[in-house]
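Structure record follows, encoded as structure tokens.
The first chain written gets the first letter, and so on, giving A, B, C, D, E and F; residue counts start at 1 in each chain.
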Amino acid sequence: MNKFSTTDKSVDALENMPWEDRPSGSSAVIWRYSANPVIPRDLLPTSNSIFNSAVVPFAGAFAGVFRVDNQKRQMNLHRGFSPDGLSWKLDPSPIEFLSDDPEVGRYEYRYDPRVTWLEDRFYVTWCNGYHGPTIGIGYTYDSENFYFVENAYLPYNRNGVLFPRKINGQFMMLSRPSDRGHTPWGDMFISQSPDLVYWGKHRFVMQPKDGWQSTKIGAGPTPIETPEGWLLFYHGVLTSCNGFVYSFGAALLDLEQPWKVLYRTASYLLAPQTLYECVGDVPNVAFPCAALYHQPSGRIAIYYGGADTVTALAFCRMDEIIDFIKSNSEL
Amino acid sequence: MNKFSTTDKSVDALENMPWEDRPSGSSAVIWRYSANPVIPRDLLPTSNSIFNSAVVPFAGAFAGVFRVDNQKRQMNLHRGFSPDGLSWKLDPSPIEFLSDDPEVGRYEYRYDPRVTWLEDRFYVTWCNGYHGPTIGIGYTYDSENFYFVENAYLPYNRNGVLFPRKINGQFMMLSRPSDRGHTPWGDMFISQSPDLVYWGKHRFVMQPKDGWQSTKIGAGPTPIETPEGWLLFYHGVLTSCNGFVYSFGAALLDLEQPWKVLYRTASYLLAPQTLYECVGDVPNVAFPCAALYHQPSGRIAIYYGGADTVTALAFCRMDEIIDFIKSNSEL
Amino acid sequence: MNKFSTTDKSVDALENMPWEDRPSGSSAVIWRYSANPVIPRDLLPTSNSIFNSAVVPFAGAFAGVFRVDNQKRQMNLHRGFSPDGLSWKLDPSPIEFLSDDPEVGRYEYRYDPRVTWLEDRFYVTWCNGYHGPTIGIGYTYDSENFYFVENAYLPYNRNGVLFPRKINGQFMMLSRPSDRGHTPWGDMFISQSPDLVYWGKHRFVMQPKDGWQSTKIGAGPTPIETPEGWLLFYHGVLTSCNGFVYSFGAALLDLEQPWKVLYRTASYLLAPQTLYECVGDVPNVAFPCAALYHQPSGRIAIYYGGADTVTALAFCRMDEIIDFIKSNSEL
Amino acid sequence: MNKFSTTDKSVDALENMPWEDRPSGSSAVIWRYSANPVIPRDLLPTSNSIFNSAVVPFAGAFAGVFRVDNQKRQMNLHRGFSPDGLSWKLDPSPIEFLSDDPEVGRYEYRYDPRVTWLEDRFYVTWCNGYHGPTIGIGYTYDSENFYFVENAYLPYNRNGVLFPRKINGQFMMLSRPSDRGHTPWGDMFISQSPDLVYWGKHRFVMQPKDGWQSTKIGAGPTPIETPEGWLLFYHGVLTSCNGFVYSFGAALLDLEQPWKVLYRTASYLLAPQTLYECVGDVPNVAFPCAALYHQPSGRIAIYYGGADTVTALAFCRMDEIIDFIKSNSEL
Amino acid sequence: MNKFSTTDKSVDALENMPWEDRPSGSSAVIWRYSANPVIPRDLLPTSNSIFNSAVVPFAGAFAGVFRVDNQKRQMNLHRGFSPDGLSWKLDPSPIEFLSDDPEVGRYEYRYDPRVTWLEDRFYVTWCNGYHGPTIGIGYTYDSENFYFVENAYLPYNRNGVLFPRKINGQFMMLSRPSDRGHTPWGDMFISQSPDLVYWGKHRFVMQPKDGWQSTKIGAGPTPIETPEGWLLFYHGVLTSCNGFVYSFGAALLDLEQPWKVLYRTASYLLAPQTLYECVGDVPNVAFPCAALYHQPSGRIAIYYGGADTVTALAFCRMDEIIDFIKSNSEL
Amino acid sequence: MNKFSTTDKSVDALENMPWEDRPSGSSAVIWRYSANPVIPRDLLPTSNSIFNSAVVPFAGAFAGVFRVDNQKRQMNLHRGFSPDGLSWKLDPSPIEFLSDDPEVGRYEYRYDPRVTWLEDRFYVTWCNGYHGPTIGIGYTYDSENFYFVENAYLPYNRNGVLFPRKINGQFMMLSRPSDRGHTPWGDMFISQSPDLVYWGKHRFVMQPKDGWQSTKIGAGPTPIETPEGWLLFYHGVLTSCNGFVYSFGAALLDLEQPWKVLYRTASYLLAPQTLYECVGDVPNVAFPCAALYHQPSGRIAIYYGGADTVTALAFCRMDEIIDFIKSNSEL
């Protein structure tokens, strides 16, 4: 069971989030927050954009690790805090990850974080520049001090997402092997580790299909454990004659053998259709990095990046999402 | 003479369409409907977008074959009906084309339909997936039952547009041979057939020129017969550093030897400049698929896709269009 | 049954060809002529290369249509004659195809001919430049006067190969739709025609597979009718980091529904391995355009281009080829 | 010292320009004019877009050379005049440059002009089509008659910008060597000339760096002489998965050896973030071509193109810009 | 110390190899075997080519794992044995690697093996197809039974080369992260493992430089321990206008921190210059996969692939190689 | 008149060159030296290849500036001397060009030299690396001391060839503007200079045509003055599916307005057809850099690079070449 949603204080936090119901007249399984974007591009004086960010319940409120591109267009990670998940204060300085080894501790670039509560701490995974993009792993107990573990893989990789508990005694991480550029392909794999330092037993999970997910796919938020399997929101990319379009759908993965895909949405759940998703530094992007599940009420809140520029929020219900995935599934 | 505009009931239909005059102060030869888009992307609950669609006068009102991409981003054709050409109801199920041969009757994808009244029925041509994009031909007498004829050509082809009558005893179709992807080139050709099944005597019609039509060109709506030649609206594509820009112009083709281009607009008639043309699934697209001519009044209504997302409408007058083409022509 | 091998004089011609047996110690199903190349690049004073050429038994001897690139590197077709199939004299002037329509009769370029005896004459098909490569069709009764029929298809197409008899009352032609350049993909299709002018009922035949035929495939010589099906030699292309490699294998197609592939060699029959196949204007090419079958003896002689520079010859036996195809088949 | 800002009448002109102060609450070193765009795309009846244009103080008011793309999408240069720098009238006919040599005097295309007062006249430099893009040089004394000098360089080049005075007795021009297409790289060089006809002693100035200026860079407005060096606004391009993003920053070049870069902004000054910069013929472009400096007040007004569609205006102060460049510099 | 050269029987084997001295008149540090290629492309009846193969001293003679592409152009690994390292017999069947997990045990393709004696057995590493190329690890005690361990990394990777002993208690492997195709870039990394299953602590080793190694580099044979550091022969690739050219040089890596490069040849040691290196399935390839060191005599024999077609042999001396590397080093 | 051929000693040198007559039976206008290549790739102990080199008569014998790529695959220029033009000694050290300005005097790379006697000294032009390839100019009086003048143009340029006398008081140089890589296009231009430092009045000369010269063209040896115009040998490139093929032809340029092409060979004169032209570091290259004309006898000797690896020699006669150009000309 997902620790985020069972800590008492986390429950409190999610209960206090100003949830919005599905707009009347709509039959969509997922709907946008009416005051999107929740975080504008210029929340910090030197930020160019704030997006693809990971929010967690924390200490009765909300904390997050945010992708902040500054006005040099350097990509970095910043901490942020919010009482309600909507109104945010971000640390103007990037997170410093402590490391004993200067070879991997030095800074190239960091982007697209995910945060996972696992056993006793928050783990952060992100796309980390080390002679190419790979998956960096760090952690914090208190959101004050952050420690660097290691780069999980050789370059070139993106979208590394940890499972929130060990499975069969092993840490598990999803990722998408990539190339050096704007990779025009990409399958999802899972890797296993006894210690978060050494990784192996890599297994193929799933690959692109037709339509909105025909170019490449990548894991989104930390998977949520449900009786039906691991609920994984993931993004898919379609290549139009004018570039990539990032939408997102969801899958259910086997609880014990998570490389087995049980169900997978043939339709997207949300595609870029609003101005803040279609216009910005990268037009036509909706990219989810965090999904908060309030188990008592069945509510899910999804944070996603809009146009690689701003952070937006969408809502759905666990029962409806599970139904949708199962009834719209094509493997 | 174009049958669409001479059937009594069609005349009625076009007379009843709420035509708008040129906005005061404008000198444009073509002007947009003030309440564009006429069809929003989400007219159907499962539609991602509705665009590049073909409207015809039908039974005193309007009918059409619509490109509907669903939320899988699969491309398909749906029927629709409207009393006035502005307010539409679409069949939520795709058109089923009956075929005796399962090899070509099976479904891959369908997009960018054109509809032509020819002799005794409505013919539909579209880009049909058969081991690559080619031109599918079908027909209906009643907009209830649709029959598949054949794929006219080998792949790879797009923008197949039938002439509304036989010429010298032959069916005639324009098309643009293409490749497998987002083809960065493309000339317009014409092909001839005694029976709509076997095609030959392919002749070159025209190729890209400078500016708005420098990358590729493709036939748009069914040509309209005029004393000056076949009036053909066609789209042209320019490649900017950020992708393709689809605009449209027009040409006049020789009535008996329609591979001979008499006049051709050096300027575009309409280029993507509004939000619904510039922002959407494919930014910067204005793509016409139907032009309705009301001969008694000289009015023309052009349906075109906006940003590969919505359906829009523009108006012009036959006499002004002919004048514009002839006075702005460069061959 | 293939007319080439049953005309008395043709039998004579093939009987008189200096056939070579399989080299001792070899177990190969196909073996090269020991004095390859049979036609050097400079047989004509102005030829740059002579390759990808089509030979037929003719009047008790041999005739052929040859791809000759001149020293402008223009591609054209020339006639040639030989008493034994090895020693050739070529007409220094290109073949002139007579046509009533100057639009398609004018010359752009011609290459990669095939010749087929069909009913009452020799048909020539080739890759013909008409605003892009397509399949030109011509014929001759006497190898003196050649007549142009039409371009069978819209551009862009290559490797058009006629069947040597009508099937179900229809002419049949294989081809590979292509693009404008050095197409990096390509499937084989079949098209049907009542009259060699209008073509339709296009059906998919087969596509690339792994290994030597992983990039694209194309029909080679005129198919030979056998009790086991149409014997089709075809080339396949593999893309190494240093370019295309053209090898050839064979398939058996259903006699009445030749779009049905019964068997297809997973291994190549012959790949470029000699200096005259590996070194030349296009390194690493073995490209067959003619296969002569001497039914009484079971012998087959295959003419193929080497390195897009010279013409080479290989031998095999019908029974062994059929066995090989059937026992090495993967569909 | 920049002659534009010291002519009495020019001072008058700039004094009378309706300057806007930094918006309250903002700490940005540069801010947009509140009524942007100052020139809409359709200011002329036949204009498709008006952007990347060069404004100078002229005769107590303002004049400029404007890039106007017409509705053929041909690129040309037009004159324009304004009493206040905001309200413009453009000559509907392109500028005609007089030349004795028809070989270089004939018209292919012209775009992205810069205008520089140098000694006794206004020089215009622009990207000139002569078998590829190169830098054309022309001049006018009176904005009535324009004379063509020569193309400074061989193709392929863009963004040629003259210094407003000779340095060490030589004319100096910045430029960016390019290729034939949408060049995905580009360094800035300087060239020297005794007479504006023959150019040599080419020296490298600077190359792309990380972030907003990682793909290519190019000089913007005429450099402004300051005690701290030549103030050069320049654009930089970043390549996202959906295309180029054009922002601009600034540098200070050594007064006597202007190929030596003293300081250079690591952050951009202005990046495309408004609808008129993000939506248009080329999304995500802010491209400066003119900067007017009013020395008495320290005010600078920058004209820049938005989305390759409209002309916009931004304001800043000399002292703040100099401070920003020096304190944000990375070489 | 390298176990291969210190086993008594291995010493015997290498002593008995018919070594050739440097040709008189030559000053080259490395020289080719006079009867190259040692293994022709058609040593097996169904082989298309045999190259990029790994030879080790074994039981007083020589054994090896060979890349054999069959006539389907499938890539596989075969065992082979030789009394003298020159005359080889290859098993006509591919090696079967036993595995408990059918997911990774199933066969896609295998190529470019390296063999390393490590502790108590021979380890084989190769480029293994598992949803893309990655590094497979297997082992054998007896060259009879082979066992599959795991894929070390996520795809896409090539040129995985194990060190012949643990360093600081960790297994160490060099590799080159790649992409899905003919990767036009590539750095060398090192990864560490406690158990050959889980890998981590990835460190950058070196990247391409100018000239022969300007496109990509990859580890060649198993590194040889010397007092001067690990002797690593490695290939480098230059991209000419007609494709890749594969040459090889050498480096010395720190004994305890082998990601530290002590010396590296600026010149190549051997580049493709003979017909069997320049002509074949991939022209211009010399690709080393095994280096046998006979410590008593200081002799080294290097097996390398020629033109991706045949296996060739070259000789050099340890002292001269070390001298050459150190005196020609550029880091 | 070309000074090289009229100096007494030069005449002597050319008289003493062991000229070969056209092989009996051949009708070719140009024929290869029977002992090609004249310079092997390994003439120097550290040379990888020696090709694309410029030879001139010098002091009664022959001297030359040679492109020597060393075994790092660095490109450089070396001096060489020969008594007969066939047997060469090369200086093992690269030429050092003296320069006062370290910015342009420093070394990046140098290749493809041409040498021209002009007025009072030998000028050397070559492709010079200065932040990209451009045309370096140097000179020597005595082949001992070489001086650097300047880079004539901004990058990116190749194949800069000086005329051997001023025309209308101006130095003249042909060149081909290029891009940063293996440029897939290229026209020939001419530029003018009063002093070899500043260049301008750039004029288009000619562009690629069909066939062997369809991709790009570039000037070869120094033009030779003849009563019929400047005789210019030039290379042309065709792009096959396996890369570039470099052949050469010739043109006659107007004596006073050398940007006017009077005649130009539609056929090539020599194309890569021998092993030393087809196999090497870049297969299929014949690239001329020097043509020596012995006026008394009408003999011409052409030095050209083979396969970017060796230097070869071909012979022809002035009268026959002129005839051939004029009778095979297509403009």
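Annotations
The definition used in the following text is that contacts are C-beta pairs under 8 Å (C-beta built on N, C-alpha and C of every residue); 3 or more make two chains touch, one makes a residue touch a chain.
These figures come from a predicted structure and were not determined experimentally.
Considering every other chain in turn, the ones in contact with both chain A and chain B prove to be D. Within the contact network of the assembly, the step distance from chain D to chain F comes to 1. Considering every other chain in turn, none proves to be in contact with both chain A and chain E. Averaging C-alpha coordinates per chain places the centre of chain A 42 Å away from that of chain D. Centroid to centroid, with C-alpha atoms defining each point, chain D and chain E lie 56 Å apart.
Among the residues of chain B, those in touch with two or more other chains are 242-243, 279, 283-284. Chain pairs recorded as touching, per the definition above, are A-B, A-D, A-E, B-C, B-D, C-E, C-F, D-F, E-F. Looking at the complex, you find that chain C touches chain B at residues 103-104, 130-132, 134, 150-157, 175, 177, 179-180, 183, 185, 187, 189, 191-194, 197-204, 207.
Contacts from chain D toward chain A in the complex involve residues 27, 210-212, 214, 238-243, 245, 247, 266-268, 271, 273, 275, 278-279, 283-284.
For chain D in complex with chain B, the residues that touch the partner chain are 41, 45-46, 48, 70-74, 182, 242-244, 279-284, 308.
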